[in-house]
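Sending over a structure as structure tokens; questions will come in a sec.
A, B, C and D are the chain letters, set down in written order, and residue numbers restart from 1 in every chain.
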Amino acid sequence: MSFELVVAILIATVPLLVIFPSLFALTTWLERKALARIQNRRGPNKVGIPCTRIGLFGLGQPAADGIKMLFKEDIVPNGADRLFHLLAPILALIPAMLVLCFLPLDFSFVAVWDESIAKDIKAVQGFALDGAVIFFFAITGINTLSVFMAGWASRNKYSLLGGMRAIAQMISYEIPLVLSAVVVVMMVGSLNAKEIADAQMGWNWYVFTPWGLAAFIIFFIAALAETNRSPFDLPEAESELIAGYFTEYSGFKFALFFLGEYISMFAISGLAAVLFLGGGEGPWVAVYPWLAVGWFLAKIFSLIFVMIWLRGTLPRLRVDQLMAFAWKFLLPISIINILISGIAWHLREQGAAVTAGVWGVSLGILYVTAVGLNKLNRANVKPREYKYAE
Amino acid sequence: MSFLGGGIFSGMAVTLRNFVGSYFDPDRLTTNDYSWRPEGQLPQSAGEYPREEGEQLSDATTVTNYSRNFPMLLHDGGDNPMDAIRCVACQICERECPPQCIYIEKDYGEDGKFIKRPAVFDIDVSVCMSCQICVEVCPFDAIVMNSQFELSTPNRFDGLLLRREDLLKSNGYYHRIHPEEAAQRDQRMAEEKAAKEAKKKAAAEAAKKKAEEKARAEAEAKAQEETGDKEEEAQ
Amino acid sequence: MVAPNYELIEQDGLETSLLEVSMGPHHPSTHGVFRMDVKLDGETVVDLKPVFGYLHRNHEKLAENMSYLANMPFTDRLDYFNSMTNNWAYALAAEELVEIEVPERAEYLRVIMAELTRLVNHVSLVGFFVNDLGALGTPLMYAFREREKILDLFEEASGARMMCNYFRFGGLRCDVPAGWLDRAREVVDQFPKFLDEYEKLLCENEIILSRTQGVGTLSRELAINAGITGPMLRASGVAYDLRKVDAYGIYDRFQFRVPYGEVGDCYDRFMVRMLEMRESVQILKQALDGIPEGEIMGKAPRVFKPKPAEVYGRVEGPKGELGFYLIADGTPKPYRYRVRPPSLINLTVLRDMCLGQKIADAVVILGSIDIVLGEVDR
Amino acid sequence: MSELSHEPLLKEFPDARWDEAFGAVIVPEGRARVMAEWLLKQGVDYCSNVTGVDYLEAEVKEKITNDAGEEETVTRTEPGRIDVVYHLYSMRDQTGPLVLKQRTGRENSQAESLTPVWRSCELQEREVFDLFGVDFKGHPDQRRILMWDEYEDHPMRKDYTEPFDYEWEPTPHDEILEKHKKGKVIF
């Protein structure tokens, strides 16, 4: 292995390992701050630079939390499976970090001094892989295992219930997640993340097409469920299961779980940005290629803000409703969406009139399907009128 | 619900309005900012908190003009507050206190004679429940509610036992923390005092009158006797 | 919903056992130190046994060793959300013992305080209820934002925010300070605006609808037979409100309606409380407009020493019928003092409502009953 | 609210006694369940409050007219008893209250459970069982409710004495409690 190749590999991977964990810290702060503002509170605003009274809007909070987590006692319940109890958080973090390399973050602009290194960087980047999207889903699947491991190894009934819920939920929601990604893959004809992003150049984002929009919404909902975010945070449902599968975790193991969860949030938002929001595309990217990374992160953050916003607004679904929602609502609608997008692909480039017709019809079909499925599933659920006695 | 997911969107609109509103509308940002205060300055308001161990809020610190926390004893000023203490150690509050947190011992002078003031007046604030019953039953307006809320201490036994000296506060302080209530109380006390004095005066006058009448009657009787005597003498 | 036959499962040769979970005494959503011993088949509740008493302090025995007046502050601590209505119920019973006339202004102020308390209780209950549904405290924080304004009013009037200790036999402890009525009017006028926002946030939310409708249905017959009172009874379709039935105090002077549901599920219980708040605002507006000047204390005896008698005084507390049963024996202490706690008696049907539901619903049903452990355990 | 008259009840059950002083119907022994079922049929559908009252053995001074027609003050010993008090209302007719009292001795206290008639008695009768030690016949689930299962005594009885507190620790508050115990602070 030549020295240049080592440099190239380092440049391609190290930023991922640096940027995202530090963004994790920022995101915890952001989430707490945004939730606080939604709830008319201030949020963390005291921890800033140590030994001074400079608050910096509480930006020191994540660091303080991290230090606290590191020094906390690591408690393993008596009778728990120590090995799996230890492995679970590690296994939660590894796949989350691994999938980051399938995001089309092109760091080749760093190597301005050597054209060949830039070329090498491009060659070793994971997203250039032909099956990047498949790899992405395959590796995120491991996450399920870690959650169940944690739930089972904790020797706690709440953890067990949380683990069982997590498995059912993650397996169910993987299907609409993949099926909605299939729409884009069909349109592009490639599983290569770079090519998918490039296909949306010139503001041809898939979210701006009816099938793309539907697929994006399904993808986003399924992504919420995959990352255990509200309103699908049943595995860690606080009001029912204390903290679900990590009830018995403390200290650094808990921090690892937390980190893994946030990194998979980044990863899945990143994939959504690649598939539907044009990857790193944005104004002035052609002039400054490094801006692509910025735009990409901006898209990720706006998706994450929506996640936080939803968390601040919505209560949680129930287990049976959650499963019903995946199998009776998201799955049929995503299959219909695939059919629609297939037909639309065949009718592409047939003139503006045909395109408009296809758009109108597919929007109509999708909306009617959604409303119909909703009626079927929740026939008796509607607001009521109330009577008064004088 | 006009369209699919309409309820969720209207909810999200509400939270977004609160999110944005919290930056502009003070009504939507209700929590206190416990901001740092300058070095060497005592905390002045409810939003400020003791920083160093043993540091208490300044005497003027109250939550609002109406809030109550723990009882305090009033004195009417002077160099030695113990001389002007209103409490006469009648022990009514001790008897009526629902959680029984007051402890009083009467003060006896060197000659063993009861001086109308407490020798010991303790309130265990770890037991006190701030119910204000003692204030209501006190016939001498000697005990009222303080509103100083910062009483944290590292010692949970003796540190939370307020002695007579800790409890003594001047009437002026009372006026500062509860202006309305104090004014009303003073007015009522003045009225009662005036009524009492009027009554006393009336009683004194009545007594005087009675005495005068008696004197006059006696004088008359005497005079009569004298005249009788004289008459007798004359006869 | 019919629970499956567990004997059959055993016969198949499969070794199955039910998962027994002890929810509580420290669980995030048991509203205090309350325990539910739940037997689960998967996620479905097969059996449920409520366990009480962690907060028991024998309130009744305490009161029997204390003078009538000295017990007043202890009633604050029963249902610590509604100290004003607790005070009122106790004062009502004691006033019946010695037959004191309460002055007009005091009656008006009592109604104002009780209805403000109802707003405080319902608004924070709805917040807690949605919290149990899994919302991250946002509705609760909005509820507390409004509650603070009312608690400020309480503080100005009585000196304390929650443990008010404001009512006395024959009236109130002190008059409200100058300008208080205007401030109260302002708060009351602002309240419907907040209710609009709250309803927009919650009442049509699809997730809340599907989580609460058809969950924990309580039939009308069982509700009456089990002595359920308050909003929970009205949600089951019985428009029985002591403010109308007993018309204690001066409630017969106000125009207000009693909302009631038909199904008796969690959604009805939630909505009945939302609607009741609007009616309370109506009462408050009328009371604030009609309040006269005058005395606030009736001619109460200096030493409260009632003749031997038995009374049972009850008011419509925010949680249900709060009753005080007093037996006087001619001494300054009550011979027997009994609280009829609505929270405890409403818990009678917890098991009936939870059977066959999911474990997540058990939490929601408990939330919709509206218990305060200070009152359940006393 | 209009009164719920006790007259029909007394007519139906002539052995029941009306206690004028306290406005309560004293239920004859062993008839509580039958009476309750009859009342439920009459529309008394809501049992609001169930509680116990403990009366210690007491000397009562009574003015009676003796055989000779003279007024005389007699001292007699009233035996201790426990009353189980029920406050009944009718939600159907919006009337009430009607007070029922079951009387039982202080030793081996027994009463009939009305839980099968009114479910609202369930937890309250458990509470009376717990705090007063009245055994309710026919109660479906009679366990301690507020005290823990292993607890022996019945705290709401008037002759209850507090057990030794193992977690006791000295506080400055002890002096005043001592004073109260000695009776220096008089009520």
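In this section, a residue touches a chain if its C-beta (ideal position, glycine included) is under 8 Å from a C-beta of that chain, and two chains touch if they have at least 3 such contacts.
All of these numbers come straight from a predicted model, not from anything done at the bench.
S.K.: Kindly work out which chain lies most centrally, taking the average of its C-alpha atoms as its position.
M.R.: Given all protein C-alpha atoms shown, the central chain works out to be C.
S.K.: Out of every possible chain pairing, which has the most C-beta contacts?
M.R.: Highest contact count belongs to chains A-C.
S.K.: Could you grab the centroid distance between chain C and chain D? Build each centroid from C-alpha atoms only and quote it in angstrom.
M.R.: 26
S.K.: Indicate the whole-number Å distance between the mean C-alpha point of chain B and the mean C-alpha point of chain C.
M.R.: From the centre of chain B to the centre of chain C is 34 Å.
S.K.: Rounded to the nearest whole Å, what is the centre-to-centre distance of chain A and chain B, using the mean of the C-alpha atoms as each centre?
M.R.: It comes to 62 Å between the two C-alpha centres.
S.K.: So how far apart, in whole Å, are chain A and chain D when each is placed at the average of its C-alpha atoms?
M.R.: Those two chain centres are 64 Å apart.
S.K.: Where in chain C do residues touch two or more other chains at once?
M.R.: In chain C, 67, 138, 142, 145, 201, 203-209 touch at least two other chains.
S.K.: Which chain D residues sit where two or more other chains touch them?
M.R.: Correct list: 187.
S.K.: Which chain A residues reach two or more other chains?
M.R.: 38-41, 312-314, 382-383
S.K.: For the complex, which residues does chain A have touching chain C?
M.R.: Contacts found on chain A: 35, 38-41, 157-158, 160-161, 165, 230-231, 233-234, 237-240, 242, 311-321, 378, 380-384, 386-390.
S.K.: Can you check the complex and tell me which residues of chain C touch chain A?
M.R.: Touching chain A from chain C are residues 19-21, 27-29, 40, 43, 130-138, 141-142, 145, 201, 203-211, 213-214, 239, 241, 244, 257-263, 267-268, 271-272, 275, 358-361, 363.
S.K.: Which residues of chain C touch chain B in the complex?
M.R.: 66-67, 69-74, 76, 138, 142, 145, 148, 152, 155-157, 159-161, 163, 165, 173, 177-178, 197, 200-209
S.K.: For chain B, which residues are in contact with chain C within the complex?
M.R.: 1, 5-8, 10-11, 13-15, 18, 28, 30, 63-64, 66-68, 96-98, 129-133, 136, 145, 180
S.K.: For the complex, which residues does chain A have touching chain B?
M.R.: Interface residues on the chain A side: 34, 37-42, 45, 53, 309-310, 312-314, 367, 370-371, 374, 382-383.
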